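Have a look at this one.
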Amino acid sequence: MLHTVNKSPFEKNSLETCLRLASAGNAVLLFEDGVYGAVKGTRFEPTVSNALSNNKIYVLVSDLEARGMNKDNVIDGVETVDYAGFVDLVADNKSVQAWL
Amino acid sequence: MKFGILVNEGPYQHQASDSAYQFTKAALEKGHEIFRVFFYHDGVNNATRLTVPPRDDRNIVDRWSELAKEHNLDLVVCIAAAQRRGLLDENEAKRQGKDANNIAEGFRISGLGQLIEAGIQSERLVVFGD
Amino acid sequence: MEEDEEIIKKFLYVNRKAPYGTVYALESLEVVLIGAAFDQDVSLAFIDDGVYQLKKDQNTSVDAGAGMKNFSKTYRALEAYDVEKLYVDKKSMDERGLSVDDLLVDVEILDEAKMAEMMGQQDVVLSF
Amino acid sequence: MKFGILVNEGPYQHQASDSAYQFTKAALEKGHEIFRVFFYHDGVNNATRLTVPPRDDRNIVDRWSELAKEHNLDLVVCIAAAQRRGLLDENEAKRQGKDANNIAEGFRISGLGQLIEAGIQSERLVVFGD
Amino acid sequence: MLHTVNKSPFEKNSLETCLRLASAGNAVLLFEDGVYGAVKGTRFEPTVSNALSNNKIYVLVSDLEARGMNKDNVIDGVETVDYAGFVDLVADNKSVQAWL
Amino acid sequence: MEEDEEIIKKFLYVNRKAPYGTVYALESLEVVLIGAAFDQDVSLAFIDDGVYQLKKDQNTSVDAGAGMKNFSKTYRALEAYDVEKLYVDKKSMDERGLSVDDLLVDVEILDEAKMAEMMGQQDVVLSF
């Protein structure tokens, strides 16, 4: 199962609830303003780093670059994908849940 | 694989429509089929032909129309959501006694059943919103 | 709908937003009602502020000021549409000081493990 | 006292337009003056005459038009935001080569300067949004 | 100065930042989904109760009633107002800041 | 604008939202630019995710995928419009691990007491 989160964890509670309710082994994609959750050095880094023991976490690189960051800013263990990679994630998982 | 796409927000105000467009384009480039793109809530506002965005910015509506033409996409606008927000095609305008319509090329207005059908017929449904 | 006749999928509607502040709760309910005609296996999840959609005693009369359409009674009608699987997230209820007595309809309260399991069984997840 | 009102969201999707309307009405009932109501961002979508909301719900656009008529309100729609989102009056439609317009009675399209002016001329500016 | 908050404290960080940056003596009005911040028995009751020592806090009664609550559900010390009261709050304060 | 000639008010623009995910940052900047012609006393506050509006190295080229208009350089042009009072909330920077070196423009970092004081001096507060 793939979870998508498009909101900043500073602004909204979507990422928090997503990580609380995602089953072990589920994939999580951070995109749009959700990419801030994937960034090193923020207040949310520990939360996201811990989640990596349960879930694969991905971040959409174009949304990261639009916001002035790149792969080097991403928490160790979080993988960057482009839109083609986003499509593959959807295809590879049985269902997709958007945490709007 | 067959994908369905749901767009819940209008153009420009939220990134949802941009993301849905980029995703749809990437899926088509990978050889997937798009069963339908369904526009709900403020998403119906993506279907107006009356936008005039600044020249140095993208034209979100035209982009959808062109992608639909190129790939024969089924772009469906929810009728109930469209009525609340003032999106009409020629038939609806006549039926409602309105003196103008504003729907863009490549979009059609239909019921919510089309969203459910997209959920049933597509192998994956991907939702973009606020 | 003829071609759909033999496909029965598990549809989950995820409701995480409060009513009235935005239209998502109302328009989500409209999808559920239309969707009921398709004989799919439907579940509704209420998480975070979505649990407030089910709060009893909603009053939006124009005199009272809000002047919006009160759609809360429609949740009671869901049973008549064979929509009977309403799941509520336990932590969301607890954080808001809500109990089942505060809700308009019968629901099943799920802890995190059970909610996650239920979500994992779905084919189509609609979020608004 | 002289109030200015800023509405940042469209009808139905967010409560902002409802709240702004109720506030404006209450202010008028208390004898205050409304210098201007300015519609920005998706707020411009409050100005379309093409909505057909369900009969058992409020008509947000008509409510604004009627309040404007009754109290001679100045309802101003931001031209830049309106162009992005497909809100046009007859002049703008002609100027942009569009075949239809959709603005409702009582609203006028103008520049962002009208918002700044509302801030300067009003004793209070109240903002409603998402 | 009057601060307005229209979002639920569970969903967004607006109330938290508003209370952090409001000066002592400032008034805060909770309306739309913001009214949940005024309700007794929630996780946010302590935060809002504490803020009452610095700020007057008001809640719009029609938005409270729309959401199935009334004066009896409101935290002690938070005052209910109707739209006429909202208008008075705006008139009585030199400026209004909306925490959108 | 003749009648406004002698009124000079303190205008504050409050920016609390990240760029690109929503249009608020861009359309707020458009108001600031138009407003600059009115000779008012203008300040901008960047709080919460609003500080991300000022992040260096924003890249939205179509090739890169996002395909949106990059408006970040406009913040650098504000000085030419005599918009020079840019205030940034210290806690918002700290929580995001950002320092002034990460920002496109010169700003003044304010602690909570100073930010509250600055806000209290304003006549008109515009939030988007």
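Order of writing sets the chain letters: A, B, C, D, E and F. Residues in each chain are counted from 1.
Assume a residue touches a chain if its C-beta (ideal position, glycine included) is under 8 Å from a C-beta of that chain, and two chains touch if they have at least 3 such contacts.
Computed from a predicted model, the values in this text were never measured in an experiment.
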item: Both-way neighbours, i.e. chains that touch chain C and touch chain A; value: B, E
item: Neighbouring chains common to chain A and chain F, by label; value: B, E
item: Contact-richer chain pair [E-F vs D-F]; value: D-F
item: Centroid-based (C-alpha) most distant chain relative to chain B; value: E
item: Chain of greatest Cα-centre distance to chain D; value: A
item: Same-site or different-site touching of chain B by its copy chain D, using the half cut; value: same
item: Whole-Å gap separating chain A and chain D, where each centre is the average of the chain's CA atoms; value: 38
item: Distance from chain E to chain A - Cα centre to Cα centre, in angstrom; value: 33
item: Rounded Å distance between chain B and chain D, as computed from the means of their C-alpha atoms; value: 26
item: Whole-Å gap between the CA centroids of chain C and chain E; value: 27
item: Interface hub residues of chain C, defined as touching at least two other chains; value: 20-24, 48, 65-66, 68, 123-125, 127-128
item: Contacts with 2+ other chains: residues of chain A; value: 6, 10-11, 13, 32-33, 62, 82-83, 95-96, 98, 100
item: Interface hub residues of chain B, defined as touching at least two other chains; value: 8, 12-13, 15, 22, 41, 54, 80, 84, 125, 127, 129
item: Interchain contacts, given as pairs of chains that touch; value: A-B, A-C, A-E, A-F, B-C, B-D, B-F, C-D, C-E, D-E, D-F, E-F
item: Residues on chain A engaged by chain E in the complex (per definition of touch); value: 10-13
item: Chain B contact footprint on chain D (complex, rising order); value: 10-13, 41-42, 45, 48-54, 57, 61, 80, 83-88, 93, 96, 98, 100-102
item: Chain D - residues contacting chain E, complex; value: 1, 3, 8, 15-16, 19, 22-23, 25-27, 29-30, 32, 124-130
item: Residue ranges of chain D in contact with chain F within the complex; value: 6, 8, 40-41, 80-81, 84, 111-113, 115-117, 119-121, 125, 127, 129
item: Contacting residues of chain F [partner chain D, same complex]; value: 1, 3-4, 7, 9, 11, 23-24, 27, 30-31, 34-35, 37-38, 40, 124-128
